[in-house]
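For clarity, chains are labelled A, B, C, D and E in written order, and residue numbers in each chain start from 1.
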């Protein structure tokens, strides 16, 4: 209870500010509309109601967004193309596939980096540089390029997700696989353990907390990747496409609804990873 | 001499020499057509002698360079390159890798100094990637509207420095820097404010965590709508993207001081301010720098995305999106190169400052960051 | 059946009603064709997609197609269903622009991504600088909606008669409080929404035959759409994967598009072609007069 | 030392319980103890018996859950706010971003000493613990023993009348320990400070203290308070006298009594 | 113990230097030492004098930079590959994700013991260090002393003939220490293992060893090797005999000699 109350208070404050802001931001246009419709002296309460009910508001009011989310999820068949559940699922599948790719790639690179001096020295700067490439710029070309070699649909999106999500995993896993202290490694040396044994009995378990922390960042960023990919790959739908079409048609309510669904999806995904972490922790006796 | 090579190095040496031998055989029918290539194949084959004779590691470097040179010099003007040139590509790549392996081993063994040589390895790696890119795009005739060769990009880069500089100023200097500074400072201040009140902290942190997982780029069109076309809207996107990582990291960092370090402060009956300034902020340093580093890559990406949704007719994002529309893909890649260079340099500068400021942290004290 | 992929130049909407209706009504099947229609969007360059082999036929504006041709993508126009341009520039009365002479010093919204050529050709013709120099105009990369006008960020913005103009009308703007510059009426229109294929495929008679059947079925689709606008709008909405298309708006769009398309004659009008090429060359968007950039082989075979 | 002494620390029926998931942990129960001004009191007892907890309660770092505790006749909180004591923790707890001299100066900065006074005090206390010459080093550049000495210097720098020291010499070897023991005794003799000292070493406790408090494991109770009969002046070889050995034997017996072997440690 | 003994560890002019940024650190210089089969050798010396380094060199965890070192007549590397020794580190170094029994089983897993054999050995060694009943606990659920005992069990589980123990009882209080000291003596008497034992405590060294090696600070040198005249059978109260005190005094003198006070610790 005393964890929920503060959150509720802050949320309430946000909603109040939001309502006020949407009056303020939508007012100029509403005034213009009213002038044009020759409506003089609209009472303030009615004016406020008008600003909260515009068709294409600068800032939609919370209940408009909530209504759109409701209409586009619960009120529709999940298989309908208008359903955000349908689009969410499309994005989710690309996210999950990309996340799986990204995590695997990240772990593989980290293993290479900690076991091989040359990789250690040569890879890291380029891995960092790779993240400074504006993926949004490369995504359209990547989609076309992959199309040229026959990859369409889910895979290009997943690859872009992977491109973003492998990074936190490499960084975290390099740290994690290096986290065993010298003495813990020395212990294995006194047993003349093989590198393989050292990996599975020491480095890997020691890296678990780092892996999960990275995966929480990674899965959220995977979702960003899938959405970015959808901006360049409009065939087939997805939350990114909804965002895009909302934007090209000036439908702000639709943009906000898609954004909130994306945010909710991110939260759920992060929570799922957290849950998995909790389960693994319990199995390995990590202190609560 | 075999004994001085690790298993991996041995395999690489065999691949390099083997491809040289095969290439030599395959190129015999066209003897003299590409003399440089022939020389490369011959010397590569000779390198198999390392199994019985000493073969210094710099020779592998020379061979890798020779191979790259031979390949680029004999790229066909059009059409596909002959099959055995692919063998040369594999061989010279194997030489480069072998060179890097042996260089790293020599540094580790203390035979070469760390400073100076440390930079060489990543550079060679990058060069190798670029050579492969050049040879594959040109050798396999990849359409320049799909993926231009690095040489074409470089030419375009050199020819358009004016445009690139103007775009850089618009995007990086006008949008990224102010947005980054505002976002990071705001995140830091809010974190400190929030930290004082457990109630605020309990309320804001879950929301902050939630927001930092959000696909913030989604707000780019909204920011353009709110803040107009010029740099202000880009800076706003950058602020929104950098704020939450800073908030979350700083709050975590402010809790990083250990219980005993705080107890010490309380035995002195230190005030809140004193504890903050003398203990908790310094202890939070590594976390704050972590956020600064994360944000340095996020900021540029945010500004570029925002430019996709409306700009004056200048800016890296603008140039990239219109460039794709006009199929000026080489210009697009030149802009991407600018972005990568600027982003890496930005990151590097922050990392350097970090080394100076958090010199005391174990991760800085020991080994590479 | 011959399989062909058509890459649209924008999101699924009634601008492409003919193709969508033909697909939905089975006109392509009747011609023994298996057509895949790919929607586009602001990050999809059809010219690049076809160069990468991701499409057989694209819908493109001629200026962009010719410029792509010079960049090494040998596109050839095989049919030109759109006879007129739907492009306009509109300026609300507050901006105090009533004629071209008022432009200097104003801020104009322009779509880029290959759609900017008609505007620059027009300014070039009027002798108004666009590079920010004295006596010129300030150009903005406009978002794909009318927000810049509503927000007062631009004095004039680009609209398509069949799309954004409708949004402006919905928003309470109209001929009485707008100054409208219509590219077609000014004689500045450059050909929009033609069908383009890669040059090398034209040497294959089977391909040409497939293209011919494609164009025939498409024109049948256009005819049907124009005759049954309500049904066409519904088809567009149904075929939109993103679920974003709204029936009323698509209905408006069908109506407006029908003013630009001639369903009975998809052949390219050479006079307009010549003017387009000249405008592009005047502005140095292309350097040389294109050779073989259109073919009548397909449209000739229709009859 | 006797005569008109005043109670510096006074515990009456003191109890301290830590709430824990699976049943509470009783760290201290029913502790009665008076420490007079100028006394040197050692606490000894098996690991986990509550020695640290008792010191922390005096320092107002833990709140007793029952009984009363006064420091200088005040509540521990007020005593802390009066900066009545210097605390040496079990671990050195130096701030890694400060040099040794800045670490020692930390309490002085916080308590608002002038900068000249600060420099002088830092110099003096560092000399006392034999760390002159290491002023500009960072903590991680020093051995564990040197760090511990720096933390002692830090607690001495502001001249509190009460010193709370939690196994300050745990990390040191016997020779250095002997040396610091006699230094500490000298300091104590010179300044009339009151010292509470936790240790695991019986000889150390006997050598240093005027009073030895033997504690038994959970629930932490005081099982024996042994008042030393040794003179205030103590050369190192006092440790071989029969008197010394007798006190040591008594401490050992007291310790062993509280030791139900299996469940502790 | 005497008679036909064989050298288990033999160091001749052994030197070991750590490269460091500002001048190299000479950790061991010119060490000559022979340890015979069945001996119990204690190493004592001020902090930083190279005790750990010497043990690590025997264990092939550090490479000597000069001189020769053989273990069981082989190079240390081959001895390590033969799994010739069990090592108890200064810190317990248990893996936190393994239960106590799994920690003890770790070397057995790595060396490929069968699972029944493993279970039996784990049971036996845990009983030896008085940890039966804690098999399923995780390290953090145990006190520091219990963790240290678990790490001793781990080193004993595979029955190496040579035990290298680096301050194994440092974290324990005196009573528990006494107990483990006599347990260790019993084990040693029963199994005829060779034991190298690092400690800071003079009584402990004297009580346990057949030979006490006194080392001096950097550059680490052996300053004295004291062969104990105490009988193999040693009740706890042997520590009050004159013979014992005499050896202890000799060790203390040796230690003090090497102690140029200022620069050590």
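Operating definition for what follows: a contact is a pair of C-beta atoms (placed from the backbone, for glycine too) under 8 Å apart; a residue touches a chain by one contact, two chains touch by 3 or more.
Molecules present, by chain and UniProt name: A, B = ABC transporter permease; D, E = ABC transporter ATP-binding protein.
Note that the structure is predicted; figures quoted are calculated from it, not measured.
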Problem set entry | Intersection of contact partners for chain C and chain D | B
Exercise. Which chain pair racks up the highest number of C-beta contacts?
Worked result: A-B
Exercise. For chain B and chain E, what's the span in angstrom between their mean Cα positions?
Worked result: 48
For this session: Mind checking the centre-to-centre distance between chain B and chain C? Centres are C-alpha means, answer in whole Å.
Result: 40
Problem set entry | Inter-centroid spacing, chain C versus chain A (mean Cα positions, whole Å) | 35
For this session: Indicate the whole-number Å distance between the mean C-alpha point of chain D and the mean C-alpha point of chain E.
Result: 31
For this session: At least two other chains touched by the same residue of chain C: list those residues.
Result: 42-43, 45, 48, 51-52, 143, 147, 151
Problem set entry | Sequence positions of chain E contacting 2 or more other chains | none
For this session: Going through chain A residue by residue, note those that touch at least 2 other chains and give them in order.
Result: 58, 140-141, 144-145, 148, 247
For this session: So, with touch as defined above, which chain pairs make the list?
Result: A-B, A-C, A-E, B-C, B-D, D-E
Seminar exercise, completed: Given the complex, residues on chain B that touch chain D span 258, 260-261, 263-270, 274, 278-279, 282-283, 285, 358-362, 365
Exercise. Hey, which residues of chain D end up touching chain B in the complex?
Worked result: 56, 59-61, 80-83, 85-87, 89, 91, 93, 95-97, 106-107, 109-111, 138, 140
Seminar exercise, completed: Given the complex, residues on chain C that touch chain A span 11, 38-45, 48-49, 51-54, 143-147, 150-151, 167, 170-172, 177, 240-244, 246, 249
For this session: Mind listing the chain B positions that touch chain C in their complex?
Result: 143-146, 221, 224-225, 228-229, 307-313, 318, 321-322, 324-329
Exercise. Where on chain C does chain B make contact in their complex?
Worked result: 42-43, 45, 47-48, 51-52, 64, 67-68, 71-73, 110, 112-116, 138-143, 147-148, 151, 153-154
